[in-house]
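The following pair of complexes shares a single chain, chain A, combined with chain B in the former and chain C in the latter.
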Partner chain A sequence: MTATALPQIATLGRRAVIRTARQPANVVFPLIFPMLLLAVNAGGLHSATKLPGFPTSSFLAFALAVPFVQGALLATINANVEFARDIQTGFLNRLALTPVRSLVLLFGQLGGLLTIALVQAVFYLVVGLAFGVRLESGIGGAALLLVLEALIALAFAAIGSWAALRTGSTEAVQGLFPVFFVFLFLSSMNMPRNLIQTDWFRWVATVNPVSYLIEAVRSLVIEGWNWEALGLGFAVAIGMSVIGFALAAHALWNRLERT
Partner chain B sequence: MKDTISVARAVSWRVLHTFFTNKSFLLPSVLFPLFFFTAFVGALSRISQVPGFDFPTGYTAFQFVFVLLQSAAFSGVFTGFGIARDFESGFMRRLMLAAPNRSGILLGYAVSSLARWLTVAAIVTVVALIARMNIDGNGVDLVGLYVLALLLNLAGTLWATGVAMRLRTQQAAPVMQMPVFLILFFAPVYVPLDLLKGWIHGVASVNPLTALLEAGRGFISGRPDLTLAAFAIAVGLILGFTLWAIRGLRRAEAAG
Partner chain C sequence: MDSPRQNSIEAHGLVREFKKGPRAVDGIDLRVDPGEIYGFLGPNGAGKSTTVHMLTTLLPPTAGTATVAGYDVVEDGPKVRKAIGAALQEAALDPFLTGREHLRLQTSMHGITGDERRRRSDELLTRVGLMEAADRKVKGYSGGMKRRLDLALALVHRPRILFLDEPTTGLDVQSRTALWVEVGRLAKDEGVTVFLTTQYLEEADVLADRVGIIDHGRIVAEGTPEHLKAEIACSTVEAVPANPDERGTVATVLERFGAQTTGYGPGSVAVQLTASNGNLAEIVRALDAEGVVLSQLQIHEPTLDDVFLAKTGRHLEGAGEEEVAEPEQPAEPARV
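Right, the complex of A and B next:
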């Protein structure tokens, strides 16, 4: 990475953040919707904590992990819809005529999205703490949670960027929304895997990588330092990021080659 | 009257033709309820073992009623999205110019929404039966359940139509969707009302959808409960939202 690349990444990242901030729906919805779902689930499923073997007496603490993953998904969709719009409107082509290196375009886009996801994560954490959730892993855990959130956002963002670059269509990126949510809902988001009664669902939740992301975040909130859960969560997030970035870089290469 | 019906028939045919021939409209309407049903029943069935969970027909039937009502309400909301799309594309303006009786436009959208929901409801029901859902209610009870959902579909359609007629943009989608989502999820979705604790119990107790949900679950378990209240609420919602939709239509007419 050359010295000139960093200011270029910062400029493109700042553009991505400002563009999102200028659209209230793209800011408010990813903040409010996960909190509403958290409130509904925490209230409605509180009685699940009475099940033998349930890991905590607070469903709010148990479910607090979900907004971190859900928020990253929502931020990814919104930001990559804008990225796809850049492709549709020809902005990316014009940018490609400048001395900006192709990978810088990608880093800038992902950097902006990462910033948005981190702001959201801090918001979710503050709301959780305000409603009485105490992080078993303490302040160090909160810091690690933000690092993990950055990696989770990077993973989804890279996959979303790949979709945007490959299709160049805002509709196609929006179409990812239900796909991502299928992964979220077919995970251990509402019940620990060992307490899921339905065999096929437990199997799906076990092979679903999103379960490990949620369980890693959850372990920091309700367990403390569970190295197995954290290791699996970080491994999944890093793996998804690397694969997503490789796909996105390849799609960018192809798109600029066509241009 | 003849004009109204001919306009309604044309509008509903167009909406249904688009719905059944375009995957991007058909699939979300069908897949979302199925997906919620699968996710809730698959992940949460152990909740039925919580002390105090007294629904003998089983957790699959318990969630089926919620998903049926949810699909009914959201079929109405999706119809509202279509109306907003018609405004943005300019089709609605041409339709209003051409229609001899504009009330037929509302009727057409309502009929098409009903047909869309019946399709979704049939698929959800078949899937629930394949998933070995128990039904303890008799035929009359089941008719009661589906009529209740049908009324909710009508109420949802009229609500979303009123919003679409006023705002006339697809950006109004969250305004149509969010209140419906909230009112549905602030009802006893996962457990019976008695098992809810704290603020959610208070909200669910005054939420009109709670009566519909409880009545629906009463029908499927063969122990009808809150039936009169549920039908009265559903009819009340329809009357209120009919006014809302008609006034919206008048505003759209005035806006040109």
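Right, the complex of A and C next:
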């Protein structure tokens, strides 16, 4: 990474943040929607905490992990739809006509998205704490939660960027994200895996990497320092990030045919 | 001190083929000298934008070679990009950023920071007349303002060579004229070499020192506008008989002086004069001898469209519409 690359990444990231901030729907929806869903689930599924073996007496605390993953997904959708639009409108070509390195374009795009995802994460955490959730891992856990959130956002963002670069189509990127939400709903988002009664659902939730992301976040909220859950969560997030980034970098290489 | 080659553009046998697509550029040879405004004229789908994409390193050629600012476009892409500025066909701007934020982004990509960035941004905003609108979001800009911002963005790093791909398409006359003035000034006062694609005859005629006419991916004519017009086209006489029934008589008379041509007003007869038959007085006498009363008689100087017509058998305007299969924008590689 050269000395000029860092300011370039910062400028591109800044642009992504400004663009998002100036579209109220892209700010409000990712903040409010996960909170509404959390409120509905916390109210409707509270009785689940009475199941033998349920890890906490507060469903709100149990489910607080979900907005972190959901928010990262929503931020990724918006950012990558905009990225695909940059390709469609020729804005990416404008940037490609400068001496900037190709990977800087990708880092800038991802950097802006990480900033947005972290702001959202702080919001979810503050709302959770305001409604009585106690963070068992303390301040250190909150910091680690933000690091994990950044990795989760990076993982989804990299895959989303790959889709945007590969197709260059806003519609295709939008079409991809319901698939992500299927992964979310087929995870342990509403029930610990060992308490899922239906065999196929338990099996799907076990092989579903999103379960491990949620469980890592959840462990920091309701358990404290569960190294196994954290290890698995970080491993999945890093693995998805690496694979996603490699795919995105390859797609960028193909997309920018510049010499 | 720049050597002459550092401001020039050269291409030899440049070809670009697309997968399952046409040969968009089919062996182009051209040379643009330092400080020259070179007009690349052709209909939609002729291969203008594809040529620009190759010369600006956005698209590798399938065959042939090209050097821009003394650098090979395939081997030295980053060096070419440092030397050139480009405003591509679509003024690709972010509607949610202001004009000043665009300049901040563009200067940063070129490694210009701090006071120099602010100074350069203000200078360019003033030059293109956008200082007052600098802090407004681009989505509120008119087409002309977007084009002027696009030009400013292409100039942030003081490029030696400027590529303008149909810079005035869709602009009103006033905006178009303002852009012509600025482009002319850049070449004349700053010695910037300008490669300008256009489908407007007038634009090429007014701005370009030399013109290359491209059709179906090949250059069919090249030279100064005056030279091209003098080489293949003579004046055209257009006559409108007062009595429409006399069009046949008028045509018979006029055909003694040249070949009939189309594309003029309804009810009129037009012939392109041959060099030896260019005497207007003789034409008037001949028509008078037949007793024809004219409501209008006009002589048209040759245009670049006449050149295009002579070289391709078609008029430039509307020529591209026949060729729906040929993409003007470089086709995206098929993916997913």
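Keep this in mind: the second predicted complex is superposed on the first by the 257 of 259 C-alpha atoms of A that agree within 3 Å, B and C clash if a C-alpha of one lies under 4 Å from a C-alpha of the other, contacts with A are read in each partner's own complex, and residues count from 1 in each chain.
Assume a contact is a pair of C-beta atoms (placed from the backbone, for glycine too) under 8 Å apart; a residue touches a chain by one contact, two chains touch by 3 or more.
Values in this document were obtained by computation on a predicted structure and should not be read as measured data.
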item	value
First (chain B), second (chain C), both or neither touched by A:31	neither
Partner chain(s) touched by A:178 [first = chain B, second = chain C, both, neither]	first
Touched partner set for A:247, first chain B, second chain C, both or neither	neither
First (chain B), second (chain C), both or neither touched by A:19	second
Partner chain in contact with A:46 - chain B first, chain C second, else both or neither	first
Which superposed partner A:95 touches (first chain B, second chain C, both, neither)	second
Touched partner set for A:200, first chain B, second chain C, both or neither	first
Contacts on chain A seen with chain B and repeated with chain C across the two complexes	none
Interfacial residue positions of chain B with respect to chain A in the complex	24, 28, 31-32, 35-36, 38-39, 41-47, 49-53, 171, 174, 182, 185-186, 188-191, 195-201
Complex interface listing, chain A residues touching chain B	25, 29, 36-37, 39-41, 43-48, 50-51, 171, 175, 178, 182, 185-186, 188-191, 195-198, 200-201, 204-205
Footprint of chain C on chain A - complex, ascending	4, 7-8, 11-12, 15, 18-19, 22-23, 86, 89-91, 93-100, 166-168, 172, 254, 256-259
Partner chain A, residues of chain C touching it in the complex	56-60, 73-75, 77-78, 80-82, 84, 86, 88-90, 92-94, 96-97, 101, 104-106, 108-111, 113, 137, 153, 332-333, 335-336
